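First the structure, in the form of structure tokens, and then the observations on it.
Note that the chains are named A, B, C, D and E in the order they appear, and that numbering of residues resets to 1 at the start of each chain.
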Amino acid sequence: MRQALAMLLPLTLALVACQREERDTRPQSALGSGEQPTPVTTLEPGGQRPSPTDNKAASFEANAFHMSEGKRLFSWFNCSGCHANGGGGMGPALMDEKWLYGSSIESIHATIRDGRPNGMPSFGQKIPDDQMWELAAYVRALGGNAPSSAAPQRNDDMMVHPSENRLPDAATLGKSP
Amino acid sequence: MKRLAFMALAPFCVLLLQGCAGWQSALDPKGPAAGELAWLIWFFTALCAVVWVLVMIALAAPLVMRSRPGDEPLLLNAGAERRKMRVVVSAVGLTAIILIGLTLLSFFANRTLAAIGSDAALTIRVTGHQWWWEVRYENATPSRILTTANEVHIPAGEPVRLLLTSTDVIHSFWIPSLAGKLDLIPGHMNVLDIKADKPGVYRGQCAEFCGAQHANMGTFIIAEPRSKFDAWLNDQLQPAGAPASGEAKAGADLFLKRPCVMCHRIGGTPAGGTVAPDLTHIASRKTLAAGTLTMSRGNLAAWIADPQGIKPGSHMPVADLNGDELNAIVAYLEGLK
Amino acid sequence: MKQRAAADLSGLPTFGHGPRSPTWWGTLGFMALEGTGFALAAGAYLYLALSWPAWPLSAPQPNHWPGTIVTILFVVSLVPNHILHRYAKQCSMVPVRIGLVVMSLLGIAPLVVRWFEFPALNIYWDTNAYGSMLWVLLGLHTTHLITDVGDTIVLTVLMFTRHGYSGRRFGDVGDNVFYWDFVVLTWIPIYLLIYWAPRLG
Amino acid sequence: MSSADVTGDRHIQEPDPAKGDLAPEREGPRDTGMDDASLHRWLERTWRTPSGIFGALSSVDHKVIARRYLITAFVFLCLGGLNAVAMRIQLSGPQRGLIGPDLYNQLFTMHGVTMMFLFAVPIVQATGIYLVPLMVGTRNIAFPRLNAFSYWIYVSGGAFAWVSFALNMAPDVGWFAYVPLSGPEFASGKRADVWAQMITYTEVSSLAVAVATIVTVFKQRAPGMSLDKIPLYVWAMLVTSFVVVFAMPAVMITSTFLILDRLVGTHIFNPAEGGDALLFQHLFWFFGHPEVYIIFLPATGMVSSIIPAFARRPTFGHLGLVLSLFAVGLLSFGLWVHHMFATGLPKLGASFFTASSMMIAIPNGVQIFCWLATLWDGRPVIRTPLLFVFGFFFIFVIGGLTGVMLASVPLDLQVHDTYFVVAHFHYVLIGGSVFPLLGAAYFWFPKISGRMMSERLGRWHFWLAFIGFNAAFFPMHLVGLWGMPRRVYTYPAELGWGNINLFISAGALLFFLSFVLFTFNLVHGALKGTSAGNNPWDAGTLEWATSSPPPSYNFARIPVVTHIEPLWAEREALPVATGLRVDARELLISTVAEAYPDIREKSATPSIWPLLAALAVGGTFLYSIFTPWAIVWGAAPIAITLIGWFWPKGDPEDQE
Amino acid sequence: MKGTLHPAPAGVDAAQGARALAIWNSFRTCIFSVMLLACGPFLSGASEPPSAAAIAPPATAAPPDDGQWTMPAKNYASTRFSELTEINEGNVKNLQVAFTFSTGVNKGQEAAPLVVGNIMYIVTPFPNIIYALDLSRPGAPMKWKYEPNPEPAAQGVACCDVVNRGAAFADGRIFFNTLDGHTIALDANTGKPIWNAHIGNINIGETITMAPLVVKGKVLVGNSGGEMGVRGWVKALDAGDGHVVWTAYGTGPDKDVLIGPDFKPHYDMDKGTDLGVTTWPPEAWKIGGGNMWGWISYDPDLNLIFHGTGNPGPWNPDLRPGDNKWTSGIFARDADTGAAKWFYQWSPHDLHDYDGINEQILLDMTWQGKPRKVLVRPERNGYLYILDRTTGEVLSATAYGPVNSSKGVDLKTGRLIANPDKRTGTGKVVRDICPTASGLKDWQPSAFSPKTGLLYIPHNNLCMDEEGVEVNYIAGTPYVGMNVRMIPGPGGNRGAFTAWDVAAAKPAWVLKENFPVWSGTVVTAGDVAFYGTMEGWFKAVSARTGDLLWQFKTSSGIIGQPITYRGPDGHQYVAILSGVGGWAGAIVSGDLDPRDATAALGFVNAMKDLKNATTAGGTLYVFRLP
């Protein structure tokens, strides 16, 4: 029994680590499409709805590679043009606590896919689904909502803010950019 | 035992004969720089082989000539030691002379190489990307600056100056049959002068490990007579031709509607991505995906349908197109000569 | 194999000071490798400084005063340090105990001032490479300072126990003195590099 | 020269009479005049490793630790070899789809990291840990607990890397992990962090061993072993240790800078914010080139030990060999730039490094010529160790000569980062280090195990290894010149590299099989080999003066050295020194140059604290790839374990 | 300060017969003005330096003041000078609030209110509501309002807040632009739409934020979107029915730019065929910016309009080698046909987003002994240019603040001498470039007083670090390619209000402000200059000495354009819209996160503390003497 437990521990460890470092670049149909409706509000008459989470979200949300790819796409697809490096500009800031259309990865994915009326374009046809998930995972990481062991780090570029896995600490840094 | 050793060596000799050919070989020089280097390689190899053979003879001699296997350890004879010392010292002296010679040789070879491009009329900026090459032909008239990808056309017989840099990681530009390699380093600009003696197609590939698809980061230098080169440059400067067929027309629309437009540029259309290869004249290139596939309708379709199967980890995503859409886009791209 | 006695070692002492003791050589070895580390870090700083014409990358000049105070404390501490060394060689317990307490305090004092050195750099490690190198150099030295002060304090406590009455312990005190010299000496070039090199440009 | 001259009473210093506040020195039984049986009983009780698992974990016996080191390094060799086999299978044909780029990149990185940091350096140091104290005639290595600590650090570092590999977290950026590829932007996840921290702390272990080795050689030599009588192997280990001390900090600095860039956002390698990617290469190769000599120099020591034993005469040009060791060690720091010729450095500077790179061939030439002269003049007895030395000559000289080619700037531009370079450094490292190591394994195996390995299997092993190696690596020169870059997980069929790569893969498999044979021979020898006796080869250095395997105290009485090959010079009776205590771990400290007896010092007793300290350090490093605060949290357990380590326990060894 | 103590609107008792009075008042003012103008040279001759007296806007472009404010720049010469003198240096300290009006939109209020007759018109930022306030009734009640309901998606492609810089009045109509690319003509009296021209396409990132200018029955409008890869243009719409009369592009072939045989640029660098194509990499001109979102001036005598062109896109200069004609320059065009007369490029191959769209003040002055028709332009790149507006020749170019991005202007070739040390490019951070992308002065217009001969320049004092990055052109998304972080300029004051002596080419005095002075300015014949600060102070300073005479803290930061007019009661009023925003105030109006140094194209980094100084708002304040 104890041996079994001892076996189990590294196994779980392995699974957790694999998920964090997995580098699948081919879409996995087994994970589902992630096309579920995501309400913008939490108000729901008739009782609370179970929070929407599917395999797809989970496989992107805490994956270091996908978040890092998301960071690359964030600038390649000009997200940074409007949202800067999370601080916002033409578009709202993404690194703060305020979410106009929901902070879950599903909501962010839906925002990218469908757009939002006050200026967020709809990228549904323009970005493959997996890359939207990568972007959504990165956007969450911008606000410090990703596990620090998987969050992407700074770019070899101008220092715009402390690297993503240190963002929650940024307030304590005072003057540090 | 010696026979065994010979048997081991025999296949090498066969391979040696088989080799030397190929369009990506340092031993098959097609330009003055590579020629100088190939000569240098052969000279060094020959000299080193001679030295090696001498050492092996010196090693084998006592074994062949040994009379009595030892038993009691020998005590030293001062006179014999001194005699041997003279031999060893002269061997070391000879080594030193050879090395000085080789140093001087490589120093002068270096100077010869440096002289090749001093009067280059054409400057081409090559920027390394994960995992493809951006090629920009500089021109005093900005509207004649051509940006293309993965293939470098040069006029044969003329020195060409390449400016090498990178926007992501370190790559290395290497066309073995024309010149030695030089790194593309972010934050640095390197200058490589090349010259192809004769028209031809010379393959090269990235020689500095640059991540997942380092293996599939090929490039071609296509040397052409000056007139052909100029004509090629003029063609390439034109915007992409209008889609010829109805299917191609649909493909052009799809190109702008689907993920393609997010990264690629096609001159004359609103597609203006710069982070991926310029596709304005993609069908005029020899290969797809930086030397990974030869250019053909089938490969084009295969590449668009499953880039992650062909070049796993590359930045080309699977675009989720249905069969008709795929065919339409292929039809369109195929027409971009 | 047969043996024949050829030498008698019974009269040898059981401990030695300075280069006679292996510990001294071990300490020297570690100084050599740590010193190499310092030299390379300083070399990296100079490499970057010489690569960029605008060094120190338009950062404000560091406030040198905390660093200067640390330097003064360091230099002053060398005097009691070497007095301590003399007594350690004589194996006299009371002066050694006093000396160790003094050296512990003189170790803690620069450490306290060091706390103020970091903000006095006037730049963060993640602002640019200049800031990074400053923090790296200062951090590298601080690591050595902390470990040596910790070492001194442990040794001080040890010398107040019954284990102190041993020749080997006095040898350890001598090595501790030796290492403190190293900590002080490596600081001088780093001090110049951090606080005065940016003022040159 | 008689033994009395070197250990004469006039050299032994009288204890200082005025010794302040010291506890009175406690006396114990001495070995003077003690009969062999009771001497053995006494010493065995004092020096043995305690029994039980706890005892084994606390061991500070240099031989026990060296054995663990050797076995662990061998295991890593096998793992690294399996990596290589996997890669060769993938490369055996064009466009083979067995292994994708993601795994392949991890494979070759792990192969490089394992072979360089977990096999090559540890195994040469392990051999040194085993042999140096025996060769200089002392009872244990200096700083035995540090030595034990270094092993635990090493093994946990290796485990760290390989567990990461099992978790799909292994570094995939090449063993030299150039930025920006390994930097924060382009290496996502923790893979490059694993590289950086694993490097940093396996190097801690190397550095600790290097310091221990230096002090052992400087201060613990048997009386009379003045500088001119130090065996060449010990010289080689000494020079190696110095190179380690001055080179390893560079890689620690590099990996620390990298981890700082990655984890706390410094900009040391970020060209946009005033850093420079090339700085990484300069720092890394400032270590990386000496690294080659760290691996190679001990092997020359081994060759210098094997050749005289089988040539039946002392080495020719002892002084020349020692000086060339120093020259190589020194020059190895002056040619790091020849790894960077393709980065576009200023031409003139590059030419300077060409010259210095060429120059290092001169001392290496001196070594080769001296060995050849020794063989030429001797009456060689051809046994397996010597066969491997011949293999070393055959292969290493090719590697050295291709090295001369690489040192030439223009030539390097063609072959740099191609399979030519892969071939070159395998010729240098396998030819220059693994073949001597294999020879050394056959040579010293009897000493370590007390049994002989099979000579027949040994010869089979040699020829299999020799042919396999050359078949695998010689064609790589060619395929490199034909344009095949290194670190490619596949190649297009139309380049025509298929056949030759298939041949290479077959050779690699053969080479791998030779190691299977070797393993069998090792196990067979250890279990069933014929008994070896003290000195099966009738060699001349001190390690052969004691029993095989040596007792825990190494020598019942400390030998007195009168000659460079003491066992050849004193064939009837070995002069020894007496007067050490037998109830405490007393050993002799001598003077640096002349090795006059100076101090009877106590060596440390077994302790579990080095293991605990290593666990604390290892845990801190592991945790640090996830948060920089690990350094702060880890400081407490590290401090506690270190205090536990150094705090006296009241043993006789602590008292003086 | 004192104004706050007297909030009640005064003068209501005189409301009976106010209309008659108003007519009489304007008549009286006209006479007075003519007299004043006639006496001007003699009056000022005594107190002002003689050269100043020679500087004045051409009378046709700046007709005598009628007390109204019909276009944001006051007149075609763009002087923003009011001849009203009731409020003057002596009594301005007594100013008090007459009334306020909340626009209901909490975004950057950059517009100038218009006053025509008894009605005040104000345009809000997106959703671009236009209000008509009846000034003749107590409290100025709303007469009508018009909601154009622009597409909300337009907010997503507006580079720097969803501002609008005002409307224009002509022939009984109010013309204004909406963010989503419409130009609308309303009946000034009823607010009924007359025509609505859709001329901008937000799907390619095109927006319109500028205030139109009506010249000879044509409404001149330009587009915004230089940060989105939008090709710039100026269109002339027929004021009657809104059809496009001509379109002049900012890049591309000569026929698109309306370059014809009349085109006679002064400098060689601007001569050649199709320079708008050949000075760009292939086809880059199609997405190359050169937008016209700033100010147009008009000289009726020469029948020329003058307008600048915006920055080339993208910002990263590595992506567009060449001079990038006709961006960051100024055109003189025939007012009827749009045909280009001359062109001058302020910043060839612009490196730092130095749009060339600032206001140009048309003046007549004596230059080196000869009378010249000039155009004065405080340019974004930090130089105050004086151009001969008939030829485009640069007479002088003097830095009016700290500039290190260039080393001056070569008056022979007309070329800006760029500082190679501050050349930006991909992958390297260039530090301490002054001025910033927002320029030494951005759009915020200055005012010129012929009385003092001084130009009152509200401007910034910022520097920046820049790094070029690769960028994709994806239609409808930003196309910038530059990481920017701004920092306060030398001295630490982020803004300044400089009075520039045009004749002497040096500052007369400088007022330092903590935040950039992002508001416009107005100066009156009463020798008072008004401007607002981003903390929310509305300030009146002496036009001669710069002494602070009066200030009033409004509810939000001020980035609007103050105006002054004569009310129906015959008294002089001053009006300003308060409501922080714009590029500089985006941190507040867009609630951006100051932890990101590059937020709002780097401006946030210099404005981290603005959130502590003010909050978003949108209120009209109107002041008068008690």
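The rule is short, and it goes like this: a residue touches a chain if its C-beta (ideal position, glycine included) is under 8 Å from a C-beta of that chain, and two chains touch if they have at least 3 such contacts.
Predicted model, so just to flag it, every value in this text is computed and none were measured.
Peer 1: State the pair with the higher C-beta contact count; candidates are A-B and D-E.
Peer 2: A-B
Peer 1: Of the other chains, whose C-alpha centre is the longest way from the centre of chain B?
Peer 2: Farthest by centroid: E.
Peer 1: Can you give the whole-Å distance between the Cα centres of chain B and chain E?
Peer 2: Computed from C-alpha means, the inter-chain centre distance equals 55 Å.
Peer 1: Roughly how far is chain A from chain C, going centre to centre by Cα mean, in whole Å?
Peer 2: Here the centre of chain C sits 46 Å away from the centre of chain A.
Peer 1: Centroid from C-alpha atoms only, then distance chain A to chain E, rounded to Å. What do you get?
Peer 2: 41
Peer 1: Using mean CA coordinates as chain centres, what's the chain B-chain C distance in Å?
Peer 2: Spacing between the chain centres: roughly 51 Å.
Peer 1: Counting only residues that touch at least two other chains, what does the list for chain B look like?
Peer 2: Within chain B, residues 186-187, 261-263, 275, 312-313 contact more than one other chain.
Peer 1: Return the residues of chain D touching two or more other chains; collapse runs of consecutive numbers into ranges.
Peer 2: In chain D, the residues touching two or more other chains are 102, 180, 185-186, 264-265, 267, 270-274, 276.
Peer 1: Among the residues of chain E, which are close enough to touch at least two other chains?
Peer 2: 427-429, 467, 471-472, 474
Peer 1: Which of the chains are touching one another, listed as pairs?
Peer 2: Result for touching pairs of chains: A-B, A-C, A-D, A-E, B-D, B-E, C-D, C-E, D-E.
Peer 1: Under the definition above, what is the set of chain B residues touching chain D in their complex?
Peer 2: 1, 4-5, 8-9, 11-12, 15-16, 18-27, 34, 36-37, 40-41, 44-45, 48, 51-52, 55-56, 58-59, 61-63, 66-74, 76, 80-81, 84-85, 87-88, 91-92, 95-96, 99-100, 102-103, 105-107, 109-110, 113-114, 130, 164, 168-170, 172, 174, 176-177, 179-183, 185-188, 190-191, 203-216, 218, 291-292, 312-313
Peer 1: Quick check on the complex: what are the chain E residues that touch chain B?
Peer 2: By the definition above, chain E touches chain B via 204, 229, 277-283, 287, 319-323, 426-428, 470-475.
Peer 1: Give the list of chain C residues in touch with chain D in this complex.
Peer 2: Answer in residue numbers: 1-16, 19-22, 25-26, 29-30, 32-34, 36-37, 40-41, 44, 47-48, 51-52, 55, 57, 90-94, 125-133, 135-136, 150, 154, 158, 163, 165-168, 170.
Peer 1: With touch defined as at the start, can you tell me which chain B residues reach chain E in the complex?
Peer 2: Interface residues on the chain B side: 138, 141-147, 167, 186-187, 237, 239, 261-263, 265, 267-268, 270, 272-275.
Peer 1: Quick check on the complex: what are the chain E residues that touch chain D?
Peer 2: Answer in residue numbers: 427-429, 467.
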